[in-house]
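Two complexes follow with chain A in common, the first pairing it with chain B and the second with chain C.
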Partner chain A sequence: MGSNGIRDRVAIVGMGCTPFTEHWRKSTDDLVLEASTAAATSAGLGYAELDAFWLGTLDSGVSGLTLSKPLKLDYKPVSRLENMCATGSDAFRNACYAVASGAFDTAMAIGVEKLKDSGISGLATGGGGGDGTAAELSAPAMFSLLSPAYAHKYGVAEPELKEVLTRIAWKNHKNGALNPLAQFRKEVPKETIANSPRVAGALGVFDCSGVADGAAAAIIVRAEDAYEYTDQPLFVKALSLTAGPATGASDPGYDYTSFPEVVHCATDAYQQAGIRDPREQLGLAEVHDCFTPTELVLMEDLGFAERGLAWKDVLAGAFDLDGVLPVNPDGGLKSFGHPIGASGLRMLFECWLQLRGQADQRQIDNGRDLALTHNLGGQPGACVSFISVVGTTRD
Partner chain B sequence: MAGITCYGTYIPRWRLARSAIGEALGVPTRGGTRAVASYDEDTTSLGVEAARHALVGVAAPDTLVFATSAPAYQDKTNATAIHAALSLPTSVAAYDMVGSSRSAVGALAGALDGCRDDRSTLVVLSDVRTGLAGGADESDGGDGAAALGCGASGVLADFVAKASATSELLDRWREPGGQTSRVWEERFGESVYVPLAVEAASEACKQADVDIGEIAHIVVVGPHARSNRAAAKALGVHPKIIIDDLGSSIGNTGCAHLGVLLADALDRAEPHDHILVVSIGDGADAMLFTATDLLPDYRKDRPAVRLAARPSGKLPVDYANFLTWRGMLRREPPRRPDPPRPAAPPAHRNERWKFGFQGSGCVACGTRHLPPTRVCQSCAAADEMEPVPFADVQATITTFTVDRLAYSMNPPAVVVVIDFDGGGRFQCELTDVDVTEVRIGDRVEMTFRRLFTADGVHNYFWKARPVAARTEGAD
Partner chain C sequence: MSIPKPGPTPVPMSKPFWSATAQGQLVVQRCQGCGTHQHYPRVVCRHCWLTELDWVTCSGDGRVWTYTVVHRPGHPAWEPEVPYVLALVELDEGPRLMTNIVNIAPAEMRVGLAVRAVFDDTADTSLVHFAPVDRPLPTP
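Now for the complex of A and B:
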């Protein structure tokens, strides 16, 4: 992997995030406005003082007008961007590059998704227009292929693996219960999780992320200007994006126990950020727990656990709020909800709160000053992966 | 001399016990079962399966003719989808003869008459038959297909004579777009059909200078069951030479039944045996065949072609699902988006993939791709691909999942990841399966199906299904 990165050249100086929930009474415009205003306000800026905008949404609008119209922006550059579940993160990445390039001094990245106007259960994405031969697989079914493959490869009995997956959901609900912005704000007994109605394969309803509406936004400035806006900026250490060749479904060598895209992405990000041991160096990680087996496999792909041993770490509580490396302290996609385009920036929002000591009951106090966000868009064998690393000090 | 050069049949695996109808409706019913096309099958897909059986080891025909009383499309030719699924060359013509059950005998007779200059025709007969709940058509109908090759070389049964007796009468009818038939009082049809059947049969025998007593196998077929039985009796032959109508296990498969029963006769015939086919419906037609010396070897080489050797492991379908599959019972759909209709240009561009199930193989390194790609996923060679047919290659299940959320006419959907013998991985739906019985390592074969219909567009593609043991024995 050969990216030079932009370590410490830009900083986050303001963020905003709406509650993630079924916003029956709020439109995409409302959500965009609320997240934008919160972010700009926290940086002490008005829209007139922001030079450029990147809006990420999977399916809740097209073009920069999706942002400029509700905000009534006067002739600013606004790009609309889509990269599946990495959409919001990629909006952030592009905004960072724009500032790092010197083209702009300030930029906003915002992600939004309005899923609950569709009238259906679960997630539905566009599609159509093809030759009708693509496999009609629901998202949980795609990811349910991971658990039997993992169990088989590492000799974990399937009931035991079910316990592991249940504990991941239980942990994320427990974290989400402490988060006033989360979609689901109560703990769920393991028994309820384990016995929830099956959706696909071994996955029950409680193994799936919440389907929600929401928006989140970040203000990015040149690192050297950061303290003009806030006493506690976050410096961007690494930004990595990988799109795989999508051969998993046609490659007999692919065994559904890893996301090679994430492995490549992590190598790149850690190199950019100068991280040698993520498990020991990161203060927290926000990862893409779209389904419980995804989080399990990610622990290994991101280098948080040894290959084939993440399940033991999960059972031992290594990734709990008080564990060696807290993962998804805000509740994750599981209980915070997953409005596709907004999720990447929502993860960053938790890093913003945690590293600045503003996470209240969820506050992690392990003395580390780096945080990681990770998104995965697509399915096992065919996905895009995004990783960012942010920190409180400029090296 | 022209005659039958190859044959194959396809009976869906699903069976409805007639007693289930009686139990649901509180009416008396006959015993036995009827064959039921799965929710993802129609007359076109059934026809493809029968034609695949018939064409094993046989050269492509010059013409394909498709006959059914239940075409998937009007205006649009259905035979072209069968043509595409068989990966036939574009120079092969494909025509429909759709509408009445008499289309079947007409298609076969026309094909045999057209065998001049060594030209050959594959006649595909297919039907999905049902009726209103509790009626005879529902109970006694069946679903299935047969394919018969007609040509002048490699003939298994010479076509020696044909006679027709045509008459206009209102016996069975259905308005365009209607799903079920209406019939006149059965005794009326019998009074007209039986003399016409005897007339046609006698005339065919006379033309060939064969005495009816010399005939080894007689097929009497048509939608009018009472007339079939009465005509068989009126021919004055020993009952044991009448080919069983398979009514107790499969049911009357409409247009396909002529081919299904003729195939059964060909399965049994010895060289020089005469086979008389009497088809009754809007008149009567009689065709006389004589088995040739090639027939036993043909059968020996193709154990799978024999009707009696069709896969075992039949699957029971309950009455509610039967009604749902045929569109007779409207069920609450899932709260999921309807699948989008397939678009015409990509379906046409990808005809060899979508219909023919041809992947690509890298000439440089041998890696096989499904769907076909231009750039090799192993060695990145670009445009170094050759087509690889996968339709007749078996595969092994590498992993699978049961999807309870995805849209399906028959939830839950079973999705499998399969590795083909000789290389090539693919992810697709598994059909004709009991969801509790799927295991990693199971063997599967490919089958042509109608995945769904959206905006009146039938989405045809391939699915995997378990390879069932083939056992000798009555269907």
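Now for the complex of A and C:
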């Protein structure tokens, strides 16, 4: 049992991404049109030549019409789906499977979120499963629970752990400063980050990702057709999705220093892609840094660092732009911003730029040709995890 | 104008829990078959799926597994109370619950802290909170 994977059966041949920011002057229609047009244009395709569409959005639409209307699609299959913060990635996953199955020759995956003038501030998160256990916890509070548990288990002093978290935010801001599409394009001094107003537990405002509007899209074709569209396609090596039992908060056994969902997901993805040592083989990784402790824990869950030692690697700069494995070179959720439905495809967009040598000032040059995206939905103890691995050559 | 705090809504499954808190007692379910304790209340044992479950009174003692200090509440009704401490407490009987730690300064919080259940009956439904074992709340 497990996934067989679709290694090297589909390829990405076009991508587009809007700036992520507070788009007061743009509607959901504007954003999907901008990302779709950029993606289709970069693949040299018109909408009429695209066979099927998957739209990921949490809150900006409930059906395929959210895409078919602004794109004026004539009677094409358009699905809308949602999987919490992993929504965009799941749209990509479904589009890849559709092409791999032979049902369609070309497909578009697109993610969008337009929160700013939707009548709510930030994300309205629904209660739990109706079983009476929903806790009135903000998202930063949920993720801040990781810090004391991690510090206690691995004997890291509280001020030291705060320094680690600060460095993660500092690094992602530094990367975002080099990215013209990012929401926050400024380096932020460590002292400012460390002394920012507290939100929950050890987390200050600067430990939290930006709430933004935006859209990102990818064009997927059969791998054997890829070079008809571009000289530099990306081949999909692995797609993995795991949903946990969601019992972490109430049942003993979950220790709040890891996301078991991610560990299972990584094992599956690495098996599909034939990766034995992700830290040595991946050229870059885009991971779900919704809050700084999340990125810390993910370094261990994704096998980028030894269990209990990621904090040392963070302090040593292992995941910096010029580190052994650059993580979130585009600034991550932290400084690129987090329009829920779009984030998974935004991560992929950075892989698209980096592996094709188009990342300008952020360009990583470590001679490796594989990239990973990791997208998380939910909270510690109750989440879904998505991982993709893409590469420049078809084995 | 203060915003009222939404309280719990006992349902048939959880009614024994809330009836007990009104008596100053913390109860959880225990499986007649395998003896597993569980909380929140469910119709089956989470370990062996047996439906024969008893309600048993807990010692009320537990330890902090992890915690957070809320500076920005998830609901405006809690605005006047920030900063306050929320913790995942592991009961001596096994199950965990998310709860407030009271009678403690945020800076004093630590993983592993021994805590004991205290009952806040100022609300319509008596709520269970926890306080450091060496610092029980004065009886109201």
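Simple rule for what comes next: the second predicted complex is superposed on the first by the 381 of 395 C-alpha atoms of A that agree within 3 Å, B and C clash if a C-alpha of one lies under 4 Å from a C-alpha of the other, contacts with A are read in each partner's own complex, and residues count from 1 in each chain.
Keep this in mind: a contact is a pair of C-beta atoms (placed from the backbone, for glycine too) under 8 Å apart; a residue touches a chain by one contact, two chains touch by 3 or more.
Since we're looking at a predicted model, the values are computed, not measured.
*Asks:* Using the superposition on chain A described above, determine whether A:64 touches chain B (first), chain C (second), both, or neither.
*Replies:* A:64: touches no partner chain.
*Asks:* Does chain B (first) or chain C (second) touch A:118, or do both, or does neither?
*Replies:* Touch partner of A:118: chain B, not chain C.
*Asks:* Could you tell me if A:19 is touching chain B, chain C, both of them or neither one (first, second, both, neither)?
*Replies:* Neither partner.
*Asks:* Touch check for A:260: first (chain B), second (chain C), both, or neither?
*Replies:* A:260 contacts neither chain B nor chain C.
*Asks:* Pick one for A:88: touches chain B only (first), chain C only (second), both, or neither.
*Replies:* It touches nothing on chain B or chain C.
*Asks:* Chain A residues touched by both chain B and chain C?
*Replies:* Looking at chain A, the two contact sets intersect at 131-133, 135-138, 140-141, 144-145, 148-149, 152, 198-201, 247, 249-252, 256.
*Asks:* Could you list, by residue number, the parts of chain A that touch chain B in their complex?
*Replies:* 118-122, 124, 127-133, 135-138, 140-141, 144-145, 148-149, 152, 198-201, 245, 247, 249-252, 254, 256
*Asks:* Would you pull the chain C residues touching chain A in the complex into a rising list?
*Replies:* 8-9, 11, 13-14, 38-42, 46, 65-75, 78, 83, 86, 88, 90, 94-98, 109-112
*Asks:* With touch defined as at the start, can you tell me which chain A residues reach chain C in the complex?
*Replies:* Against chain C, the touching part of chain A is residues 131-133, 135-138, 140-141, 144-149, 151-152, 197-201, 247, 249-252, 255-256.
*Asks:* How about chain B: which of its residues touch chain A in the complex?
*Replies:* Against chain A, chain B makes touches at 334-337, 339-343, 346-347, 349-350, 353-354, 369-371, 373, 377, 398-408, 413, 415, 417, 419, 423-429, 440, 451, 459-461.
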